[in-house]
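Letters are used for the chains, namely A, B, C and D, taken in the order the chains are written, and counting of residues starts over at 1 for each.
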Amino acid sequence: MIKFRKNIWEFANPNNFLSIANKIVPLFLILTIITLSVGLVWGLFFTPEDYRQGSSVKIIFIHVPTAFLAINIYFMMFLASIIWLIRRHHVSLIAAKSAALIGLIMTLSAILTGAIWGKPIWGTYWAWDPRLTSFAILLMFYLGYLSIWQAMKFSDKIGDLSSWLCIVGSIFALLSRYAVFFWDQGLHQGPSLSLDKEENIDNVFYFPLIICIIGFVLLFLTLLLIRIKTEIQKRKINILLNARDG
Amino acid sequence: MKLNFHLLKYELLFALANKGILLSTSFFIILILIVGIGFGQIGESSEKTLLAIIWIAISLSSLLSIKTMFQEDFDDGTLDLYVLSNTSIETIIFIKSIVHWITTNLPIIILIPLISFPLGITIYHSILICLVMLLSTPALSFISTIGAALTLGEKGGNLLISIFILPTFLPIIIFGMKISLLIANSTYDIMAHLILFALSLICIAITPFITSLIIKIHYT
Amino acid sequence: MLDFGKYTFEVLISYVGTFSLVSIVIVSTYFDAKKVKKDLKNLNIDILNDK
Amino acid sequence: MNLIGSSLSCKRDGKLIFSDLSFKIKSGDVCFIKGPNGSGKSTLLRLLAGFIKAWTGKISLNNKDITNSNDIIYNNFFYIGHSNSLKNYLTVKQQIDFWEGVSEKKYNLEADTFNLKKILNRRIYECSEGQKRRLGLSRLSIDNKKVLLLDEPTTSLDIENVSRLKNYLKDHQKKGGITIVASHEDFISSNNQNIILTLNPPKNRERDPFI
């Protein structure tokens, strides 16, 4: 049983985090497999064709979740960096570090599926449309954040530097996005999901899409938990080695 | 104030001693020529491409001597002296960025009418483009100080600085290119001008504080 | 069975592409975790032996 | 004037370097910091100079906490580290002029404590290491602060110049200043007013959150 904890910051202790993560990773894994397979199978085989886009609309069930994650993982890294800078919780820094690679892959898949989808509908794989450009920008900032971890050895100082890089990157990614949108609204349709029900896509696509998004988020969380666990154990090994060798 | 002018004078002297002006202008000219010749071979040299090249070249050359900005002072201990002196680090960063702009971007901007005139942009329009650049490129120098601070004490940080900093130039490059293109076509968009200058001023106002926070990390 | 009309190829290639991209992370995560677990175990045994 | 540190400890890159360090230094004292390499001698000096913050404990000068007041540090403390803060392409004269501007004071060329008159027009890259150290130390007599923090001041100085430094420090002592030196050698002959601070690695290591 997971005991009820009074304070969310207790998760910030690496050992508390490890013990909880060990318990919930299998649960998350099972949930991920169930939701992803249900969502994707529903989306692939049990949805009708769109009257304009034909069967190519089935790409939405991976394009939207990956794009959603690509943006939100960067936002999560931004929050985690701020928490590390203010409250110095190691798990927060490690979470930001481990999320970056997953975010990069999600951005790449969103761009890939978008390009494949764009060819039959717009007649081109890539156009310098504002939304597409924003994703290219996001990709650059992911690469910048990953390269600081690649180039330098893990230490608290590099943690600070990378957190600042992430914060500065978020600000400029947002600014670039608005700069790109200033001139035109582009080919890409508006957001597929919003809280305002009027604008949403049809219900037939809506429910499997929601399940797919939940599935991808669960996939992200599972991977993130495992990566954080690995990273904490790496730190442990380093400390033990240092202690043994003096 | 006297202290700030003293620092400005000596920072200029340091920058001149490092031959920054010569390097950045030659880099700029070579880049323009290489890309120009390349475009000439495939038969595509319009004013559009020229403007794009100019903006890209100016942003690349403002990263050229950025690595030495704090690294040299950090290695020889002058930065310690600044930290203990009667000014704030923010002021020092401000002065350094201004000096960096004067030594790398200003000479290039003065060169631009000479380059763009023979390639089909009227002298009036190229002077207008120069004015836009004068007002917006200081932000590039200011932003690149963040990269210099991030890679302080890191060997081979030049490549890292380009990776971190070039994407952050995007808002200014996007607006700058579009505005220059509009000017070359004799149309003006006052709103875009205002946003570009606002962006530039915001960067100038905020980056010294961010950079000083990052530099302080290296002191813990 | 895997026939989605006009756009079968696009749909399949985007699914396969995404899965191969995602599997890069999954595989790297899995092997990283496995290696670190083994290292930690060995190290703990070493330290016990030293004592 | 007195400089008091109470139960100071300091962290570098997440590791505790020294802990529970307390000292009390009065006017006219010379304090030597001793300890093996990596025991935090330079860190302690940089802590006193206000570059870094103490993990625990506090430092006070004349019973005023200096931790967050740059004014007190700026008006009273002088710091020179391993490096001499020199720019290779300047002449000695320009370098002195630069420092005079930064600290808003003048170097007394008449007294010329560090014998720089002869090399004023030399470029710094032409100077020998000893001359560079002398030039670096000349900041001492530009700044004229009360508390001197010297990190290995005698590196690459010859006997004659070490004695010059000694004389300067003795004068400083007579005027009632405080000197804190991190050095391997006792170059000031021991007398009653010397304090020796020994830095020891912390005994009970702090529990790492990862273990």
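Definition applied: a contact is a pair of C-beta atoms (placed from the backbone, for glycine too) under 8 Å apart; a residue touches a chain by one contact, two chains touch by 3 or more.
In this text the structure is predicted, and so the values were computed from the model without any measurement.
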Most central chain, judged by mean C-alpha position against the global CA mean: B
Per Cα centroids, the chain farthest from subunit A: D
Comparison of A-C and A-D by number of C-beta pairs in contact, larger one: A-C
Centre distance in Å when subunit A and subunit C are each reduced to the mean of their C-alpha atoms: 16
Rounded Å distance between subunit A and subunit D, as computed from the means of their C-alpha atoms: 50
Between subunit B and subunit D, centroid-to-centroid distance (C-alpha), Å: 38
Subunit C-subunit D separation of Cα centroids, rounded to whole Å: 54
Residues of subunit A whose C-beta touches two or more other chains: 157, 236, 240
Of all residues in subunit B, the ones touching two or more other chains: 220
Set of all touching chain pairs, with the criterion as stated earlier: A-B, A-C, A-D, B-D
Interfacial residue positions of subunit A with respect to subunit C in the complex: 40, 44, 49, 54-56, 58-59, 62-63, 66, 101-102, 105, 108-109, 112-113, 116-117, 119-120, 219, 223, 226-227, 229-230, 233-234, 236-237, 240-241, 244
Subunit D residues touching subunit B - in the complex, by the definition given at the top: 12, 46, 49-53, 73-74, 77, 79, 81-87, 89-90, 94, 98-99, 101-104
Residues on subunit A engaged by subunit D in the complex (per definition of touch): 13-15, 90, 155-157, 232, 235-236, 239-240
Subunit D contact footprint on subunit B (complex, rising order): 2-3, 6-7, 10, 13-14, 17, 75-78, 80-86, 219-220
Complex interface listing, subunit C residues touching subunit A: 4-8, 10-11, 13-15, 17-18, 21-22, 24-26, 28-30, 32-33, 36-37, 39-40, 43-44, 46-47, 50
